[in-house]
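Accompanying notes for the structure given below.
As written, the chains take the letters A, B, C, D, E and F, and residue 1 is the first residue of each chain.
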Amino acid sequence: MATNDDLRAAGKEIQGRLWPATRTAPAGQFPAATLAPDFFDYVQQTAFGMIWTRPGLPTRDRSMITVAMLAALGHHEELRAHLAGALSVGLSRDELIEVLMQVAVYAGVPAAVGALRAAADVLAPPE
Amino acid sequence: MATNDDLRAAGKEIQGRLWPATRTAPAGQFPAATLAPDFFDYVQQTAFGMIWTRPGLPTRDRSMITVAMLAALGHHEELRAHLAGALSVGLSRDELIEVLMQVAVYAGVPAAVGALRAAADVLAPPE
Amino acid sequence: MATNDDLRAAGKEIQGRLWPATRTAPAGQFPAATLAPDFFDYVQQTAFGMIWTRPGLPTRDRSMITVAMLAALGHHEELRAHLAGALSVGLSRDELIEVLMQVAVYAGVPAAVGALRAAADVLAPPE
Amino acid sequence: MATNDDLRAAGKEIQGRLWPATRTAPAGQFPAATLAPDFFDYVQQTAFGMIWTRPGLPTRDRSMITVAMLAALGHHEELRAHLAGALSVGLSRDELIEVLMQVAVYAGVPAAVGALRAAADVLAPPE
Amino acid sequence: MATNDDLRAAGKEIQGRLWPATRTAPAGQFPAATLAPDFFDYVQQTAFGMIWTRPGLPTRDRSMITVAMLAALGHHEELRAHLAGALSVGLSRDELIEVLMQVAVYAGVPAAVGALRAAADVLAPPE
Amino acid sequence: MATNDDLRAAGKEIQGRLWPATRTAPAGQFPAATLAPDFFDYVQQTAFGMIWTRPGLPTRDRSMITVAMLAALGHHEELRAHLAGALSVGLSRDELIEVLMQVAVYAGVPAAVGALRAAADVLAPPE
């Protein structure tokens, strides 16, 4: 029997794997989080604490399908965050570019172009 | 029997309730309106003059569902305008945040995050 | 501190207000629920137990914006269910038709036509 | 200065070109129109009476872009009606198939496949 | 240097892995293919022959992200076909249900419910 | 029998008609192209080399429906590029504004407003 605090801890753990900086940073320091702290608490408990933590699919796979969906739906800010997360949980730059190319087939060329444009600096090779 | 001018007047009245500054400002001073003045005249007559003015649903309710749809569909510029309008016709900051949270259930978490990000300064409490 | 069972109970309560038959029916007797029972348990705890139950917006308003979003996004099966729910929580047939008309402005005429087509028997006046 | 009746007449004229049967059929004999007669009156006055009648773009071109948008957005019932309308205003079966193929590039292969599936009997050559 | 026939052969090979029956069936026996044979030839050469065959991402991963995108975008007929394909290339029923649950987070609960409804018989365990 | 190089040449030719500067500019000098050169090669061969070049629909018509779809789907960066291309292949400023006004009917007023906003400087009359 999980409580809200159990869900928060589970969500925070997976968020920390995707975005290691969140392990130590104080949460909720951006304007949307200041506006609606309950919402981000809800997302931590549910999306991260209840779905991402399920054992039936590896985190790497969840990350990959999340990137594909965000690109297909045109959520570019979230896409950038999840591309960074994908690199943290073990997907390679080249695999993520392949994912975004496949988006062109299923959501159209402009969706893929927009995703690649949003992704360009996140996926650029380190100099 | 309404004429085009009746529809324009009705549309202008409801626009003035949503955005009081339009009551005195000269209309159509932004680039899109300069480009396509007929379009904004059409919207004033139809969307505002023929739909928003219908008596079967209070303006406050029309404003609330408009905010929800704009957030769900990702039209962030229009969302910002209609959040300001919603405050003018009597919705509270807290009610509008609840609306945007419910968007997460029906259009996905990124739609709600994007909407809250777009809304942050419009809905921020006055200092 | 809520537990999973608290969330389920809260979700079941609001589901019972929207769809009174669920108060006594055995849950999960449709093919999708048989396929993915964990998913419908998740929805009951989160969408219904954690969002719909929040006090900041009346159930009638949550129902109205849900109908608008489902119509705007073209989810017709869910729209039909939520139109029935909307009637249960106090929205009138005429108010719901107004909501669907306003969808035409923000999501396009075909979205509203499709919604009205899907809604026709749910909203038809009782003979 | 147009009145509502002028707009209705103009809308009915263009509807009659797209769907000749509407010239003589009694209007609004389908369930959605029975449910929301004001809505279909609104569409006749605005979409048809105010937009389709504008002189700046030929009816054939308006029909072609409408088909493309309906396919891209997945409104299949409306697509079928507008494909029939497109044939009435002078587009050929082969041109319409080209339009639907181009949809694949901009809205994705599944959007085009769905549109072609919906179109199959409307665009099938007469036996 | 590939020719059109090379692309067709490469596309047919990957289609055969996803849908083994296409290895022996005569192609294009459904109404949309009869209507637009060039389109399905184009898809075979490009989507399948040029994208799915790229070595940078395993077929199983391409299948998984395709399922996620089709569910997120609401293309249910294509989703059903690609769920069957996913089972053929090695994804399990349970993994695919996890994919569809994650869709709820990023595209909304109704997108996932619709996908699970469409998937129910494809993913039902064999009796 | 076309080879990849034939498709590239055909694609480059139509791209040169839409965007004359690409005839002499070195290709792929923007960040997304540097990130994923294979993707833009794929688009040149397929979208441009295999679809836009088909004889069944004039380039002007393909350009017009592309503009309509990009506006309806909210791909504003691509819309701006294709509006410039549309002017190059013979559509007039006034025709393109008519196209964007018709978008309001089928994809909603905010889609058209967003498109007009994105289009404002591309379609502004030369001073």
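The working rule: a contact is a pair of C-beta atoms (placed from the backbone, for glycine too) under 8 Å apart; a residue touches a chain by one contact, two chains touch by 3 or more.
It should be emphasised that the depicted structure is a prediction, and the values quoted were computed from it without experimental measurement.
Participant: Interface check for copies chain A and chain F. Shared numbers divided by all numbers used: above half gives same, below half gives different; which is it?
Facilitator: different
Participant: Just going by residue numbers, which of A-D, C-E or E-F has an interface where over half the contact pairs are the same as at C-D?
Facilitator: It is C-E that reproduces the contact pattern of C-D.
Participant: Please name the chain that ends up farthest from chain F once chain centres are defined by their CA atoms averaged.
Facilitator: Following the centroid criterion, the farthest chain would be C.
Participant: Chain B to chain F: how many Å between their CA centres?
Facilitator: 31
Participant: Per the centroid of Cα atoms for each chain, what is the distance between chain B and chain E, given in Å?
Facilitator: Centres of chain B and chain E (C-alpha means) sit 40 Å apart.
Participant: When the C-alpha atoms of chain D and chain F are each averaged to a single point, how far apart are the two points in Å?
Facilitator: Measuring from centre to centre gives 24 Å for this pair.
Participant: Would you mind listing the residues of chain C that make contact with two or more other chains?
Facilitator: Within chain C, the residues that touch at least two other chains are 38, 42, 46-47, 51, 54, 70, 73-75, 97, 101, 104-111.
Participant: Viewed as a graph of touching chains, is the assembly arranged as a line, ring, star, complete set, or other?
Facilitator: Shape of the chain contacts: complete, all pairs touching.
Participant: In the complex formed with chain C, which residues of chain F make contact?
Facilitator: Spelled out, the residues of chain F in touch with chain C are 104-111.
Participant: Please give the residue numbers of chain A that touch chain C in the complex, ascending.
Facilitator: 1-5, 38, 42, 45-46, 50-51, 54
Participant: Of all residues in chain D, which touch chain C in the complex?
Facilitator: 31-32, 34-36, 38-39, 42-43, 47, 70, 73-75, 77-78
Participant: Using the touch rule from the top, collect the residues of chain B that touch chain A in their complex.
Facilitator: Where chain B meets chain A, its residues are 74, 97, 100-101, 104, 108-114, 116-117, 119-121, 123-124.
Participant: Which residues of chain C touch chain B in their complex?
Facilitator: Touching chain B from chain C are residues 46-47, 51-52, 54, 56-57, 61-62, 64-66, 68-70, 72-73, 75, 94-95, 97-99, 101-107.
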